[in-house]
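Here subunit A shows up in two complexes: once beside subunit B, once beside subunit C.
Let's turn to the complex of A and B:
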């Protein structure tokens, strides 16, 4: 047996090509000619702009991040060398990275719980009929629409160690001691409070978004179905659990997905409130990635740190999409 | 005298007159051009774009914009100045470099990125040398900010000092000596805290925390890196002594508020009448002047306190201008920067004494603003003790990463919060070594 024939050499290849070229090309042509095939092709053609959009605006930056993460790229050096997994190793070696990872997970979970609770409550409240409903609906989205710097700087003042309006109000009603007493909270200075304070601002900013998404879902439920459930003796919670939630589940999931992405990638709130301090108590992965990648100029290492967000997001994304798909059938 | 002689004398004098007059006119024109720093004709009709920070003293920005425009009008150059917060500058620099387009002149404050970008910056050695010749040379530490491989890739134009600002009335009422040493500052804080007047130095992730705790450490004889900048030298007996002192001064004289402070918190602390002293830029003095005249009257300034006897090191916030190599208007950029240096004393006046120059001759007393205010005169003695990040070495890229990640103040914070000193050093020195090692590997 010759080497060529062992590896399917030139003779074998040409034989396969001959086999493929004749009938297969004909079958493809005939399939394309059929009405179904034309419809499928037209469908893909219509989808193409969306595909291209995703590829350019999401795919390209993502793959560029992947490329940066395995190189020694800096902000000042366009010629980057391949360094393998060195940047990931450097991140894993750092204590600050682990603190940032832990904080990111805590931030995500706590914020998600509060946003769900507050968003759902607000959505139900906005469903009710009351005078000035339209105005209230407009007002509740203000935190979400205000420029982040303005709203966060206001919060920074409210959390000020000396002039905090929250503390002065709590003191006025006798819940805490006066300025300088041990019970005077230092919102951005005590590690547990600082992370909580950052989460609170994130929740305040984005829970109206959750509420609006839910509200859109709730209004899409036909009132007759709810009335029928009422007639059948379902309580409010039973109607919510067994009628409303299953009907708006895809909307719920999409809203939750958006929330998760917004929360996990939220750099501004922490950066403007604490910069990640005190002693990294509020440092989250996006802040660390920015400090290492942009401020310190180590673009490759910054990209590697940022990419650790992907394994956090992927399982959630997978579970949500799978759940939505299952319910569709 | 014969008629011939008369004629000869007349001829000579006419020629002499013409020659002398001609030379005089030419000399005067050159002198006027030099005096006015007339830019060469080829920059006429061009555009110069400057990226500048938003100064803490807004009046300085108004002056700077007008100054740049007037220079442009005089030299036929269209000048555009953009102001952004100084913390946004590293991101903007990265974006401009990636795009290969943007401003011609770019400002760096506090985080000096010369060593990171020097291959992509214009060599400004000629401008720096000319300024040094004209104004008696640069103060010793200026070089460390901008010099790479013997060339200057940036022009230091001013830095921001941080003296001690203390309440003389409180000190005198309690028989306390002015805080000329860190020990005296500690005694004052220990005495005055129970009386409702603690002190504070930020222990958070802000620029003040990076600067002022380093001043204390270096004044205790500590160093951050070798003079060459190649290796860290943090782990030392001086560091242990400093951390013990830092823990004591925190426990005895500060409150946990410092963990939440930003760069303006100490200004407010002084202006509110609470603080017995703060270690800060003169913005704290100006804020107090503008908001609380009673406290301002009793606020006095002192030199950087000594840690070890006779050892004072004051870490200042540097400010540097650079010119991109991709700039199509490098000549106009250089001309403008030279003109800015010529007028740095005016800049100092416009910034109400905030901007300290880097050139030796500028320290001839009395200096503008600070030389005429008796309380501020002491600032004129700072250039001998000024240092920057990386002391005694240059501002290297590992040091910039250490600064940007707040490793040094975080180490102090850990100790203040109760971590064992050896454990905190293990963490801090470990982070220094790790960051240096990463940069060496790269």
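Let's turn to the complex of A and C:
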């Protein structure tokens, strides 16, 4: 429908309407209103499958998990009793919960620092023109595109206690002693090394994502603006700080928030590498929620632990929402 | 400073710096993959020793690990499961996401913008919060312990993402064609089916690819909902079935990982820019 037709202009729809029902303005208007109603009804009909799926299998489960969290439901006993905030209290009183919370936050922050450093450097390099750029870009993003469990298994093999290829290389250049000597690191078996080893895998997997998001931001800055700033006598750092960063900030934010949500809630890296061990050194909230909820069968307890992620994620979702909306209008 | 550099010299120096800067990134990104490939083809006597250079074959390469995979494990079944689950997920995703994306982008629905954002936000509700209640849903439907459970739950993240992607896509399709079709007597449905869908095939292909590659990134749902050994998809079967107690068949594990992981990685690679566009700018155009 065009603007002209809405004002009763001489386009095909209203012309046909006119021939059918005579030159009555009221009938044209009512026809148009029913066309609008039909369009809206059709629209909601098209939206219904996706909307229902999401409501039934994301919305409803989310509220169901709120319900589970205040009951004593277990895998074995589906008849649940209301226990109030008992599950949350139990979580807050257990040491392992606080260890998991601390590990989750350390994991998130340390990984974010390394990802942004590596990602920014790589993005600047990929911003250059050079022969073979497409190939290099394609190869360097492979860590991000490999299915996560597959690359984590690969790292588990590289961290092997006895046949670690990393240790072989460190030993070959003389940084560590042979297998069995005290300086031979067992990456996933020593509490002081294990969390770092897990963080390294997360960084390895996602630094290409940071780089590509940044690159998308950089290339969205019109070169004329940078040239103008250059002509005005801005140095490289000034241009970066006052022109590039404000312009790419929204994209940067979305990429950052996206990564935060996925890093904070990811179970696979730690679960497959260490299962949360040794001695809870790598226990993070998702692993704890899985072990309590499924392996120990305490659905209510597990749901309560998983829900502790919500206050951590909520500010992220809020910021993201604000960002998307601001860019739109 | 010596004599002023020519342009060609300067350019060569710049290139050297760029390649030198990229080399460590390529090394970090590729070494694990390279190690995966070498491991998959090494004989066990060659694999489990530390006294020789490990990054190349010291004994002849072998296909033994792949034979083990196909003759002594459920690997063949996992590949089938992966493909069948992916196909169903793609179909469900298309049926839901394409109409939704179209409605949100083109029909000027009241509240369309907010509805679009709400659907995208559900993509960011992490599985770790949903998997316990979903395990109840799955057992209510009687689908526990079968790959059908995954067909039901994977669209919870593929539909939001692909609806968002299609919404961005439909915004770029010129409006005049469908209006012309509608004026020529096609209804809304007629215009959608006859005019909009044919020009939207590239967008729909992208949605199918993401239904597949995003499903391949799952671990939690597969781990929690599917326990029989012959029902798992590859990304879940390899880590849960090929590791038996403390015995690791690294050659077979890496072979299994390589055979499926590499094609997925390459496919995803081609569509990575669309993925980034999807999450950073589906609306802002």
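What we mean here is this: the second predicted complex is superposed on the first by the 247 of 329 C-alpha atoms of A that agree within 3 Å, B and C clash if a C-alpha of one lies under 4 Å from a C-alpha of the other, contacts with A are read in each partner's own complex, and residues count from 1 in each chain.
The working rule: a contact is a pair of C-beta atoms (placed from the backbone, for glycine too) under 8 Å apart; a residue touches a chain by one contact, two chains touch by 3 or more.
Computed from a predicted model, the values in this text were never measured in an experiment.
K.L.:
With the two structures laid over each other on chain A, which partner does A:294 touch: subunit B (first), subunit C (second), both, or neither?
P.N.:
both
K.L.:
For A:86, using the defined touch cut-off, is the partner it touches subunit B, subunit C, both, or neither? Pick first, second, both or neither.
P.N.:
first
K.L.:
Using the touch definition from the top, say if A:119 reaches subunit B (first), subunit C (second), both or neither.
P.N.:
neither
K.L.:
Is A:159 contacted by the first partner subunit B, the second partner subunit C, both or neither?
P.N.:
In the superposition, A:159 contacts subunit B only.
K.L.:
Counting touched residues of subunit A, say whether subunit B or subunit C comes out ahead.
P.N.:
C
K.L.:
Applying the document's definition of touch, where does A:194 land relative to subunit B and subunit C: first, second, both, or neither?
P.N.:
first
K.L.:
What residues on subunit A does subunit C touch that subunit B touches too?
P.N.:
In subunit A, positions 160, 162-163, 290, 294, 299 sit in both the subunit B and subunit C interfaces.
K.L.:
Could you please specify the touching residues of subunit A with respect to subunit B in the complex?
P.N.:
Contact set of subunit A toward subunit B: 72, 74-77, 83, 86, 90, 93-96, 156, 159-163, 180, 186-190, 194, 274-280, 290-292, 294-299, 301.
K.L.:
State the interface residues of subunit C toward subunit A in the complex, per the touch definition above.
P.N.:
These residues of subunit C touch subunit A: 14-15, 18-19, 21-22, 25-26, 28-30, 32-33, 35-36, 39, 47-50, 54-55, 92, 95-97, 99-100, 102-104, 107-110, 112-113, 115, 117, 119-122, 124-137, 152-153, 155-156, 159-160, 163, 179, 183, 188-189, 192, 213, 216-217, 219-220, 223-224, 234-236, 238-239, 248, 250, 253-254, 257, 260-262, 264-266, 268-269, 272-273, 276-277, 279-281, 283-284.
K.L.:
Which positions of subunit B touch subunit A when the two form their complex?
P.N.:
Residues 90-91, 93-94, 97-98, 111, 113, 116-117, 119-120, 196, 203-206, 255-262, 265, 268-269, 272, 274, 397, 400-401, 404-406, 410, 413-414, 417, 427, 431, 434, 438, 441-442.
K.L.:
Using the touch definition from the top, list the residues of subunit A that touch subunit C in their complex.
P.N.:
My answer: residues 1-2, 11-13, 38-40, 42-44, 46-47, 49-51, 53-54, 57-62, 64-65, 68, 78, 118, 121-122, 125, 128, 130-131, 136, 138-155, 157-158, 160, 162-163, 165, 168, 171, 179, 204, 208, 212-213, 216-217, 250-251, 254-255, 258, 261-262, 264-265, 267-268, 271-272, 285-286, 289-290, 293-294, 299, 302-303, 306-307, 309-310, 313, 317, 320-321, 324-325, 327-328.
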